[in-house]
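Both complexes shown next keep subunit A, but they swap its partner, so subunit B is in the first and subunit C is in the second.
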Partner chain A sequence: MNLLCVQCVIEVMSSLLRVILVFAAFTGTAYAISTADHTKFKELQENFKSGPEVTRACIKCHTEAAKQLHKTKHWTWEFLNPDNKQRLGKRNILNNFCITPQSNFAHCAACHIGYGWIDESFDFAAEENVDCLVCHDTTGSYRKAGDNGGLPRETVDLTYVAQNVSSTSRDTCGACHFYGGGGNGVKHGDMDDSLAVPERELDVHMDAVGEDFTCATCHKHVEHDIAGSRYAPEAAHSEDYHVHRKVFEEEDNAHCRACHGNRPHKKADKSRLNNHAKKIACQTCHVPRIARGGVATRMTWDWSTAGQLDETGEPLKKHVDGNLVYHGKRGSFTYAEDSEPEYIWFNGEVRYVLLNERVALNEDGYVEINSFAGSADDGKSRIWPVKVFRGVQPYDPIMGTMVVPHTTGLDEDAYWRGFDWEKAITAGMLSAGQPFSGKVDFIKTQMSWPINHMVAPAEDAVGCDECHIKNGRLKDIDGIYIPSRDASQKLDLAGWAIALLTLVGVVMHGLGRIVSYLWSKRSCPSE
Partner chain B sequence: MSVRVMIFKRFERFWHWAQAGLIIVLLFSGFEIHGSYKILGFEDAVTIHRTVAWSLVTLWVFAIFWHFTTDEWKQYVPTLKKVNAMIRYYLLGIFIRAPHPFRQTMLRKHNPLQRLAYLFLWVVISPMIWATGWAYIFYARWEDFGLDQYLTLEQVAFFHAIGAFMMLVFLIAHMYLITTGRTVMAHMKAMLTGWEEIDPEHEEK
Partner chain C sequence: MRHNMKHQKSIIAALVVILLGMSSMAEAAKGNWKKGRIYYRMVCTDCHAKEAGGKISPSEKTKAEWLDYFEKNIHGPQDAPTKYTASYFVSHEYRESIKDTNRAAKKLLKIPEEQLLEDVKAFLVHTAKDSDQPTSCE
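So, the complex of A and B:
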């Protein structure tokens, strides 16, 4: 009874602390301790009217910051895959969520760390175009508008924000990364706003009243270039771990091994789990399910049903269980929450279907917009959890290529205003500089998203039985023998048959002895 | 008038029963790992299987030492003499209460069929289980030993399971055949107390 009370008290205290932390986050109390108090800096005693004005003030002291950022893919939205030389990055690839920012930068650049990327005329060389505040705000009051290439909303008190800057936080990274795909938790399945102030059960490292990791605790940076890449990730950690092919110091890497080493299971009865590391990524067991924080993640997106308007002429919207399942501008969606991911062999090689490529369907009838390579025997693959996102989206049936729809904007070509796919795609492909036949059809697509976050405490990791069983989590993983899943059926049939025959044989033999004994008793009762 | 002969000495009885218990636990946990049923849960089954397997290895170290220092290994030297008589006895004689064709002594405690069966157990079934079992345990080190080019886990598991099925068949037959002594419980008593009652009238011819 006493123990129970102590537990209650601890629970209540930790809940209180959590509430205080949430409150602190929203009221702008900076709890990071710094040697610099930006409210006292004379450069910041100004009535800032625009983002670039703030940046000019920042770089008076932080002279190299903007130059450093100019080299990162947070700025360029471009990434050259060193393995297959594909030119990737947000500005080049397409996906099966909002499809592509091309021809839609004014809207999509709300998640660019710059000011004013509306079209190709954006000046990537201008230092003042770097948005320092979106990553370094501590007040929670900074917001970018959604229609002007990433400029701050007019309601933001820029002087107040500028005087209250500090290190990045789960909130600042999350301001974009939690909302990938156009909404909270939509895209990744392992990132949503439940990670802003997570409990231990949701993320053992980020636990707001425990280890309290921020994103940057693992995603270390060198000169503002942040470790971690899903364009060319390292699926199996080699001795020298590379993060987008730039060798970082061991402790700088955004992977489990940087802290946990190669044999992380220390307890004697768990040590054989270390042997699994040759075949299985840490995440496979330690991120047991996706969307565990109470926010559903989107699993499918069907653009082909878009276009329905309600009686007032506004896009029709439908919700089920609080989730948007239909939107006239975007089509139909389905969701999953707290669900098992899919598992694949993955060796870190990712290939994208780019705009100028003819598409091909996989055996399930989907275009794999990104395909993850890997197999049991290439020596560099691990079994990885992935969220597979499936969609239906427009393509050009004559050219056989994916297309750029111009969705956003105030012009009549924009799909979200005119609801005319041919016009929207003609405008989009013109803007992207790609040929378009003028015909639009829809095609099934899929993308894979590696699952890394929402790492559960060890006691909640995937249990042995969930894979060491027929039709378990790894039922589709081929090329390896999994005890309990893969026993030879012929051997089992033969083995059990022989054992059963032996049993029947000895029982018959025993019955024979009993019968003969009784028989002898009857025929020679004197004995 | 029967005489009591000490057939199974104390260590031998300890060895036999400890081994019997360990093998039964190994079969039970092993077939769960194999995927035949879910009772303990895979993780516990593996933990138990491993611990018990190493216990049996330890027991075997002592048993092998005992067999050589006491010359008891000679009990398993095969002979074909009277094998036919034994087979005839089990197929026929036992039902008509014919005399047992074999007489136990300290020097020859196993009948010829037993000798063959146990020899098969020691030189075929057990080595197969041990070899594949160790390969299983050290799976993660195959690369270090260069074994990964020659072995797959599938083969190892296959032969380990064949060994297990043979052990199961042995166990079933063994547990029945111990009822075929002078009385139904005679062999059981002998293995518990060490003493077997031997009928001197059935003198070996």
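So, the complex of A and C:
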């Protein structure tokens, strides 16, 4: 009996194949998500011990991927504003949340798509420093550690993750973008982890059992360069762009009109709303409130109160309604949930206050870290919803400039360790190559964040009477006449008087015609 | 002799198929945590929030506690612990009964019960208190 004869093997395999086909047809492949099964790739049959090892395996097949990524904002954290030539990007700008990654890269690079950005010695040209897994993980088990420049946690099974990669998802993008500013929903107001599995009411496009858009459905990429910019966005779109483009143009960002066009309201009874679209951004009506997913967004951050420790010497923490309202390392916070945004004219021009600039207060007493330009009559503005985030943060009162505090790290200069602002800012400004007088004071600042996500179903859009009313949502928008909001009592009275007189005239005329007809009937009997 | 050989080949084929089947079952037993998350949040959490005294966060239990919960297969309610099994709430019968008011139940109606149970289990273990990524209800 020769069980290994060729004929036997063929017959066994044949039987096997038939049963497999029946089995497969029966069970189906409910969760097939890719045309490539990475568990079968010989390049990935290794016991990976580090992120760069995985990347070296990835780029054996995806030969151009790392080179493409090296050119993107996600890698360089730099952006040159084509309009005003300001050099922006995360590594250059300030904000009024965690202030700046400068001198804090080891910590902040947990949201960089690379491995090992601890200081200026980081090799931006090394392909193996690109972190493929942070964007392409499907297991949900990939996590970067803190304070080591974006290396993965030691507990991550890199081989398992590498063998289970696929397209980006709301989870992978959200791993950083939902947590901007240091926590879930803190920064944006329209992005938090409720968008990982959103209901239709929260986001009509991302609805997990409906359209199920991922971030990349709108934020298309060309060669890993992803559309969408808040440094130089487009506020108005004169032409109908389309998402499925072949060539990436900087101005061709992800936006509503890429799919919906410039006359988005198709039903006859809604067509007059298309006229609104000439002056109002889609988001103004279709994102009625911010932080609608059950996660509060932070609205203020006061660094000047930081430094309190509890009885054990640890930073004091206080929570209200589940929200962190005080942290000894960071200061005091307030929150909002399911609240109306503010509205401004916005033409897409954004200007940042950079480190080397003397600051000036606006009429409300705040330094505008970023200022949005726009007006009713410049021909390119729309009324936009924004989250305005207000803070109190350190600055140099002698130089009149904003400052870089070295907050994170284990050294004594780090604010979170020594709680000494002068030391922390001296170290931070030295690292940034900026002059510092040695004096520290605090100044009020504000930033605006355009609202784009959490798009509500049409039936939940902002109603007419929320704007066409005195003291409504658009009460602070100037330069435009809004019926009902801007009604003048005298003008209304005059209008009603004219209407009344017209009515009286019509009635009198009608009566005259009737009387005249009857009179003519009586005086001219039929022959 | 020839008949015996044919018989043996059939037995071998059957054994391989059984092993393959077990392998597929093992694969299925891993569950798809993302599908499980949808069902847990949109069906389980939705019901608990509205009718059962509030949401239960996956991070309220350890991995072992969640696995023990599914092993015992007792769902409650508290005043009648054995009234429902845990697996009932992923059954076709249950999904059918709520499909007109719950879009997730309708969307996931055709998934086999055993698979959906494994999906939910995978999500809860994935985000349990002692997991690398404990999560809240949101």
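Throughout what follows, the second predicted complex is superposed on the first by the 443 of 527 C-alpha atoms of A that agree within 3 Å, B and C clash if a C-alpha of one lies under 4 Å from a C-alpha of the other, contacts with A are read in each partner's own complex, and residues count from 1 in each chain.
Following the convention adopted for this analysis, a residue touches a chain if its C-beta (ideal position, glycine included) is under 8 Å from a C-beta of that chain, and two chains touch if they have at least 3 such contacts.
If you're wondering where the values come from, they're calculated on a predicted model, not measured in any experiment.
Q: Mind working out whether A:Gly293 is in touch with subunit B, subunit C, both or neither, as first, second, both or neither?
A: A:Gly293 sits against subunit C, while subunit B stays out of touch.
Q: Under the stated touch criterion, which partner chain does A:Gly210 make contact with: subunit B (first), subunit C (second), both, or neither?
A: In the superposition, A:Gly210 touches subunit C alone.
Q: Please work out whether A:Lys60 is in contact with subunit B alone, subunit C alone, both, or neither, and reply first, second, both or neither.
A: Neither subunit B nor subunit C is touched by A:Lys60.
Q: Going by the contact rule set out at the top, does A:Leu491 touch subunit B (first), subunit C (second), both, or neither?
A: After superposition on chain A, A:Leu491 lies in contact with subunit B alone.
Q: In the overlaid three-chain picture, which partner chain does A:Lys278 touch, first (subunit B) or second (subunit C), both, or neither?
A: In the superposition, A:Lys278 contacts subunit B only.
Q: Looking at the overlay, what does A:Ser141 touch: subunit B (first), subunit C (second), both, or neither?
A: So A:Ser141 only meets subunit C here.
Q: With both complexes superposed on chain A, which partner does A:Arg200 reach: first (subunit B), second (subunit C), both or neither?
A: second
Q: For A:Thr155 in the superposed arrangement: first (subunit B), second (subunit C), both or neither?
A: Second partner only, subunit C.
Q: Which positions of subunit A sit in both the subunit B and the subunit C interface?
A: Looking at subunit A, the two contact sets are disjoint.
Q: Hey, which residues of subunit B end up touching subunit A in the complex?
A: Per the stated touch rule, the residues are 32-36, 38, 41-43, 46-47, 90, 94-97, 139-140, 152-154, 157-158, 161-162, 164-165, 168-169, 172-173, 176-177, 179.
Q: Give every residue of subunit A touching subunit B within the complex, in rising order.
A: For subunit A paired with subunit B, touching residues are 269, 272, 274-275, 278, 463-465, 468-470, 480-481, 483-488, 491-492, 494-496, 498-499, 502-503, 506, 509-510, 512-513, 516, 520.
Q: Quick check: in the complex, which residue numbers of subunit C touch subunit A?
A: It is residues 4-5, 8-10, 12-13, 16-17, 20-21, 24, 28, 32-35, 37-38, 41-42, 103-104, 106-108, 111, 115, 126, 132-133, 135, 138 of subunit C that touch subunit A.
Q: What does subunit A use to touch subunit C in their complex?
A: By the definition above, subunit A touches subunit C via 1, 3, 8, 11-12, 15-16, 19-20, 23, 27, 30-31, 138, 140-141, 143, 153, 155-156, 171, 184, 192-194, 196-197, 199-200, 208-210, 293-295.
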